[in-house]
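Please go over the structures that come below.
The two complexes that follow have chain A in common; it is paired with chain B in the first and with chain C in the second.
And then the complex of A and B:
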């Protein structure tokens, strides 16, 4: 698991430019493509946030939980407190971040399987709370948004999501270049060594967990602002954990561009599959997770990096 | 060993005190609590076995139970036999399904970091639940049986007696597993592998074969339980998910590798859930109990390690 940062800087840049082109293309096509684009970007943001935490070696299955929490925070604040859509997204990020901070303070004492399963349970717990707190959340019926961001116009909402994605990509790159990255990588590689060299493991993990949960909450809020409704079953759907995971694994873990590439590839593939297999097309994502783990654990980005390195050494 | 005994005694006595209080206040809570505990113990035991010996967290655990229940359902509807009879073919099929799952995927990540194993079994779980979704649709299915609604009355308390089959089943599983691990040659080898795989390999135990057999055996137990599950509950592709989490919570509470304590942990969970359900409007909140228990276990462990 000692995937080092790639020495060669040109390839990630080329991938990045390709990604940006893919992001811009939908502006010149119809609303259907733009709606696919928004969904893909939502998954991309989730995938990047998941990757940001896995860089510390902590596997979180809590994506769907914080996603749904953010969706609800945005809709409820817009309905009850009459927040502007954009403020409601920021509010959702703050709520998700705060709850992640409180939960993380307890749960981050755990490692490995204990942490993973507790985060898996978190999503379920949030769903149950939302489901049962009928007076606030509308219970199983969910809530409707009275007014969508940009009144649901296709191009501005897509532009908003692209901007959102760019911010998250920049944040992820910042995480990769700052002190936090070295601390988190050290924790992943060898926690005891990291601890003995003076890294405050708990603090850095808590920062990473809170920030990624806030991103997931904001992604959920953005999604709720696009579709205008939340229900416990749709907002906390396990797909929001499964799909970003498959995307990150396929693209390549421990990088920003891996999740981006994975999201674009699998997002577009997923839309095609949906047309042919309306129910159960998610089986493909599960199969991708298994195949990638067994046969190419470094993902596309890692494979490309390795092939490139091989080519250089031959010259 | 001494520490373990103290925890065992503490856990059992806590469960006993809770039961006595319940017995005095409301006997039905106790009855339903024990019945629930039986379900949880029966499904958590195979996970405890796999976790204790193969050292793999199988996130597809509940999904395998769901697949077994569907298998049993289709066997029953095709051949017109009782689910309790179908438990035998279902168990055999699940033995081989477990074998296939282990050999094709999990066995290749045994040497890999724990992270990979978790993601892999999560992928397996998704493949299983989505395949069932694809083949059988998400429509709930149920087999209606007459004997399931049998009830008994003691004093002025009346309750269903069929559900006591689950505690009996759990006790049977535990007895068989303990006999297997303590008395048979293969079981002793498996225990050795569970304690120290490298040492077991050095003394000439075929570790890979042991892993395969234990995983398949656990799958078979899951299969048998799946057939019992369908007699009482309706099934749908997402039914297994919570059982994975609850089983893990129980195994974590009991301590990894401690099979008998799983029963004690299940009793605590079952009784607590039953207690919450008896409170008005409490039924919706009962699925949260296990999460609270996990958090308590975590906190107590982290404080203990600080001392």
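And then the complex of A and C:
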């Protein structure tokens, strides 16, 4: 028993140290690695936020919608209200969170595929509104930011994204340790039992949906501040839904570290493959994802956990 | 003992010094000249980027076969932008800081380019861009960026050239009428923007339009739009969608017996086998280049022959000659300047008169925002007997317009 407790404490420490090294290394590796690092962190944040909601059993395909909404909120507030980059990111999170709260109040009555399809449609509705509201959003041509965060300097922008990632990791870990986690897990396992145990299902789902949408909106705002533009095509791109999903599935669902590991591995692997297989790297990338999902359905963290348990039971 | 030790130390010093001296001399003698490096960023998964990168490599091979540039070998390092702004921006960072290239070339999508512009502005290396038509990208580059050279026409250049082209055609061929237009456009940003631009540019004409869902995005039924267009009875029918719509829209137009006098397709790229279909006959299109231009331009022919000899295929998109141009025009400027220094190359590029494989001889001059704009016109082409023939500008015309459109 003692050894189990010791091992359970050792692994998070090892993961933590590795994580810190991975996040610190790019500070000493030049603008290219920092650029890759910023992209990996953006997807990591989206992956964690998706995982935070899937812990309740609610499958959302609305990541790209809230990401795009956040990126537009940040650019429009910076252009029209002259908000500084950080205030614009906070503002974008609030806008995305508020809209998620209002929409969630209606759509969180839905479950399973119905909820998933509704969130997918929501993203498309946001994109169509932005696309057609030309006087405010610039329509299909989008909008430019007059000034980038830290004037686009590599190290401070990377540091900003690292700080952002640490806050989201901490928030996700807080979710895992708070009563919200038990409520969401109970809802996922058996909604009727959860309800009969006195859990206010609707309230907890609404909290999770609002918080995760706010995170996705903030990630979109961070993207806009890094690259200085928004267009409906780029900001609402389906990649912002699909890649974080693949990262979470690779790393392992229902944990903070699964999406983190999945994002680092897939992000770095994608770039590595591109450099060494310029033609056809996306095919290899896709095959790797399919193989991992086929043979490691629990993801890396899930598989590691199972192996550890197996090892302990042999002892 | 101490004498022996001193002698041994002296011998070792002499030995190491000799080895070091010989090695450094040998190193100086055999050290090859540093290559002049071009960094290319194109979407390699797309035919436009694939062929542009191949054409760019063709120039590099030609330069090296002729002794390089200023006696130095030339190297092209291409990175896939994956049609993704973040990946495109990371490619700029890698080429600038890891590969340490002298020049940037590349480009196709405006969205990707918007993400790359902050990074390009950071390094201010001479940049020769083959893509990005959106004037938003021009605004993002901004004024006073002398290192930035843009080959592809901006969206307003393209629009103006269409108006000019159709006015010229209608003036020359009195039987061609262009007063009543109908635009069928895919409901996404590309199609909607095309419709808005057409309404603005041809505001003195009668224009109507309707959206359809592109086959590329799960649609593919155009019969309602085509029926409405048929009822409208336009002089000119244009569809703005994607390559996936090209053949189905022709088949369905035939099914509903819709034969407008001018049938124009305006997708960003055509299916490679579209010309093989009988339905392609007499369809009009826009583009900067077609293999038929080789009939009227020796430079185009030289490029096309070299490309076909090296890759065993005919270049199917105008991004191939644009990719070729992007490297060759810088190479000529480097030769003229006798240097790869940014200021000297910029000065040489600003003075250049370059005979391009796209037909035109170009020089750089200011556009609405930037200082160095190259091409300003698209061409009006028409499928005739399986080939894209140029019908406008008349100086590059390889055929007269087939009119009216018939099956």
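The rule we apply is simple: the second predicted complex is superposed on the first by the 285 of 315 C-alpha atoms of A that agree within 3 Å, B and C clash if a C-alpha of one lies under 4 Å from a C-alpha of the other, contacts with A are read in each partner's own complex, and residues count from 1 in each chain.
The working rule: contacts are C-beta pairs under 8 Å (C-beta built on N, C-alpha and C of every residue); 3 or more make two chains touch, one makes a residue touch a chain.
All values derive from a computational prediction rather than experimental measurement.
When the two structures are aligned on the shared chain, A:36 is found in touch with chain C, with no touch to chain B.
In the superposition on chain A, A:229 contacts chain C only, with no contact to chain B.
In the superposition on chain A, contact is made by A:271 with chain C only, not with chain B. By the touch criterion stated above, A:152 is placed in contact with chain C alone, chain B being left untouched. In the superposition on chain A, A:279 makes contact with both chain B and chain C. With both complexes placed on chain A, chain A has more residues touched by B than by the other of chain B and chain C. Once the two complexes are overlaid on the shared chain, A:142 sits against chain C while remaining clear of chain B. With both structures placed on the common chain, the touch criterion links A:113 to chain B but leaves chain C unconnected. Of the two partner chains placed by the overlay, only chain B lies in contact with A:290; chain C stays clear of it. In the superposed pair of complexes, A:249 makes contact with chain B only, with no contact to chain C. Touched by chain B in one complex and by chain C in the other are residues 131, 279, 281-282 of chain A. Residues 30-32, 34-36, 38-39, 42, 131, 138-142, 144, 148, 152, 154, 223, 227-229, 231-234, 239, 271, 274-275, 278-279, 281-282 of chain A touch chain C in their complex.
The residues of chain A lying in touch with chain B in their complex are 1, 54, 57, 59, 61, 106-107, 109-110, 112-114, 116-118, 120-122, 124-125, 128-129, 131-132, 238, 242, 245-246, 249, 277, 279-283, 285-290, 293-294, 297.
The touching residues of chain B, counted against chain A in their complex, run 57, 59, 105, 108-109, 112-116, 118-120, 122-127, 130-131, 133-135, 137-138, 238, 241-242, 245, 248-249, 252, 284-285, 287-288, 290-291, 294-295, 298-299, 302. Within the complex, the chain C residues that touch chain A are 44-45, 50, 78-80, 82, 84-87, 89-90, 93-94, 96-98, 111, 114-115, 117-119, 121-122, 134-136, 139-140, 188-190, 192-193, 196.
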